[in-house]
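Look for chain A in each of the two complexes below; its partner is chain B in the first and chain C in the second.
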Partner chain A sequence: MAQDIITIFHGPQHPGITGNMSVELDLLGETIKRAETHVGYLHRGFEKMIERRTVLQAFTIVCRICVPEPDPNEENFARGVEELMGLEVPEKAKWLRTMVLEMARLQAQMLWFAGQGGSLGHYISPQWAVADRDLILDLFEELTGGRVYHMYITPGGVRRDLPEGFLGRLGHFLDYLESRLPEYDNMLLRNPVFLERARGVGIIDPATAREYGVVGPNLRACGFMNDIRKDEPYEMYGEVDFIVPTETSGDVYGRAMVRRAEIEQSISILRQIIRRMPAEKEIMAVLPKNHRKWEVPKGDTLVKTESARGEYSYYMVGDGTDKLRRVQVKGPSAVHAITLLEEMLVDSQLSDVAMIMNSLGTNPPEIER
Partner chain B sequence: MTETIDNLLERIGRNFQITGQEVKKAGLAALHCSQEQLHGVLIYLKEVEKFDTLTMIGCADWIEDDYFELSYMAYSFTTFFTVMVKIRVSRDGSSVPTVEGIWRQARTFEREIHEMFGVDFPGNTRLKEFFLENWQGMPPMKRDFDTVQFVKDHYKLREEGREGACNVSVERKKRIDAKKLELKKEGE
Partner chain C sequence: MKIDIKGIWGALSSLKYLFQPPGTLRYPDVKKEAADGYRGFHDNDLSKCIGCGMCEDICMNLAIDMVKPKSEAYLNAKNGSGLIPRLDYGRCCWCSLCTDVCPVNSLKLTKNYVYVSEDMNRFIYTPGEEKLGKREKETVK
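On to the complex of A and B.
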């Protein structure tokens, strides 16, 4: 008997979906024959809101564009404003920003561990990873006052200097996290179930990766050694030593191994930052006295940050007033979760959808803004 | 010879009619061209200069001069240069042939600009509803889109069950006025 195609919605209310989005799937049995991404459940109009706000008012909302990774948004926005206004950021502020960005990458990688394991029904992963992520959030809370949204990297510098003894506590946390990594390896990355499920699934070949503009760990898992932190160093990334891990398999397993290696690199970068953090107190550029006087000259720029899931780009346009004419955000999911995902899912199995989405790090809030 | 972004701009200028160019910072340049030249410049960047990917397509609304500025941001993984190729199109009923055939990810970027600004991209294979659902009005990212009026037309403040709720701004003003009066009396 010929089998019929049935159409189902995977999300937006589904434990295996990454955030508020859905994928419409045409199934022949368990095999996907067509996939279509639907977004629009979460559009908050940030870019429109920014048009109506002064620079400092806009700064408070950009972090909310992406829940798992707010800090790359803050940094991009701040650096874009600084470029347009010609602000010179003190060196210590740049070190602090680099530290925050690496802490943000670490917490995002832990969130990925949680999601990747959870998408396989392997619930120890989210339990461990979310608990360990909370320790990073404790440090964020101490430094910035906020656990998830920090509003710390402001145009011109950073909002606060380090609390007394903070770097010591960060160092202890890094030691703890490093000691945990072998346990994570045994729990998930060497787990026979994960190996069986992840190898050879969700493959992106190198040509497709370039063709579709794949970024971040997804690109590096295809063998490309591209990382904005190395290719176009910003803040103090040019001053720290780290390697850009790559894999060649291009599958879910390869992407997992790249992320795992990047955790070690982040730990190494943070240790270098702890050793080299300047003692000086200056953390803010000389700024206009009144926030109404933050007039951004006419001009535009493109700024990029390497988040844990790939390149974040901000196109920012000033028009000579105290408000930005345009701030356009492109997160990594704009590339990974629409055209690429739709084509990757064809001929995959229904049970692999959640795992593939998590391995790509798809995150709808940054698509919709 | 070491490749510089100035050399790159010079080569592009020799091959196309560029109406303006600017090096914005290390590794980032902008050049302006006509809509007719756009595809030629982008194909040249990809095929000859090996600009592997399109980072994004920016769109800014210059309502006072009645045009949108579209910025196609091509990126090279070899030189790490980004070139913004800029064109100006009319704010109403403008149409720019798709660049999906040059870089596949342009499909999504054009789809968003089509929905948010109303620019048409003939040839785009997925120019369909994206974020918005059954949207009939003015594209919402145009600067003359009235957000306040939109809210007034589509939402209303919940009145029922809030009859006794105080108006915070009025109450706050009353408190401030009372405090001022008190201070004034103390001063007397």
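On to the complex of A and C.
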């Protein structure tokens, strides 16, 4: 008997992503024959909001572009303004920024882990990973005063110095997290159910990855060793030793293993930062005392950061006033979750959609900035 | 199909956590205290506030209005405008820019972050004159 194609909406609320986005699927039985992504549920017009505010006001908005990992936005924005204004950031502020970026990467990877297990119906993973992520958020709360939106990295430096004993507490947390990783492996990444579900599913071949402009762990899982932290070092990434993990399978399992290895690298980077954190007190560049006197000279700049999901970039144009003439934000999800996903989902199974979306690290707010 | 006994055994090893104390707090019996630098509700030391309006000027969400206090008796003698900031927590995003630009450090953020009221107007308040940071039961009349 011939089967009819039925069309369903997968989303906008579903376990594959941290945010709202839907995928329209044409199904023949359980097999997907066509996929079309629909975004727009979270559009808040960030770029225009930034352009209407002074640079000092705007830095508190940029973190909201990406909920799971706001700090690369803050760093990108701050570094762009500094390049345009010619500000010299103190060395300690650069170390603190690098530390915050790696802490943010760790907590974003924990959130990915939670989603990866949750999208398979393996609910111990979200419970463990979210509980451990909360310990990082406790450290963020102590350092920045906020748990999710930190608003810590500001043009010119960072807003606060380290609290008393903070590096020791960070070191203890890293020891704890490292001791938990084998348990995470046993529970999910070596779990036969996960291996059966993840291997050979959601494959990105290297040619497609290059053609579509895939970045971050998704690209590294195809065998490419591309990482902005190594290719164009920023902040203090040129001073720390780390490797860029790669895999060659290009499937959900490969991407999971890349992210798993990146957790270890982040722990290693943070330990180096703890050892090398300067004792000096200077954390801000010399800035105009009156915030009304902040003016961004004419010019443009493109700054890039490696977030947990891949390359983040800000293109910024100054026109000599206290506001930016144009800001364009490009997050990695625009490529991964729209053009690539529509192609990847064809001929895969309905039950794998959430798992594939999560493995790509999809984050809708950065598509709709 | 080959059964991966080692993998299944590894996954089952997480059962040991069934016999360990929970990682969560027993809320509301045990409450989590915020860190020292937490960005919670505002407080304003009116004996220092000079009514300059820098906080109102920098607030990108227009959450701050400069208003006349209920009584001028407790104002700083140097308060030239005779006004003090009033917060609208329907707009505030707790970015702390207002406290950063305060030239006399009178406006600060506290560790308090829990407040419940059935009256929406209670979320527009004047720090220094009123205090937030407690659970308040009110009835809308």
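Some notes on this structure:
Criterion: the second predicted complex is superposed on the first by the 365 of 369 C-alpha atoms of A that agree within 3 Å, B and C clash if a C-alpha of one lies under 4 Å from a C-alpha of the other, contacts with A are read in each partner's own complex, and residues count from 1 in each chain.
Methods note: a residue touches a chain if its C-beta (ideal position, glycine included) is under 8 Å from a C-beta of that chain, and two chains touch if they have at least 3 such contacts.
Worth saying up front: this structure is predicted, and the values here are computed from it rather than measured.
Once the two complexes are laid over each other on the shared chain, residue contacts for A:Tyr212 go to chain B alone; chain C is not touched. By the touch criterion defined above, A:Pro12 reaches neither chain B nor chain C. In the superposed pair of complexes, A:Ile124 makes contact with chain C only, with no contact to chain B. In the superposition on chain A, A:Val335 makes contact with chain B only, not with chain C. When the shared chain is aligned, chain B comes close enough to touch A:Val39, but chain C does not.
Of the two partner chains placed around the shared chain by superposition, chain C is the only one that A:Pro163 touches, whereas chain B remains out of contact.
Look at A:Lys48: by the touch rule set out above, it reaches chain B but stays clear of chain C. Contacts of A:Pro278 after superposition: neither chain B nor chain C is touched. Chain A makes touch with chain C in their complex at residues 53, 56-58, 60-61, 124, 131, 138, 141-146, 149, 151, 159-160, 163, 183, 185-188, 190-193, 195, 291-292.
Interface of chain B with chain A (complex): residues 24-25, 27-28, 30, 52-56, 58-62, 71, 73, 77, 80, 82, 84, 103-105, 107-109, 126, 130-133, 140-141, 143, 145, 147.
Those residues of chain C whose C-beta lies close enough to touch chain A in the complex are 3-4, 6-8, 10-11, 13-14, 23-24, 34-39, 54, 57-58, 60, 93-97, 100-101, 109. Interface of chain A with chain B (complex): residues 39-40, 43, 45, 47-48, 51-52, 83, 210-213, 224, 226, 231-232, 299-302, 304, 311, 313, 315, 317, 325-326, 328, 330, 334-335, 338-339, 368.
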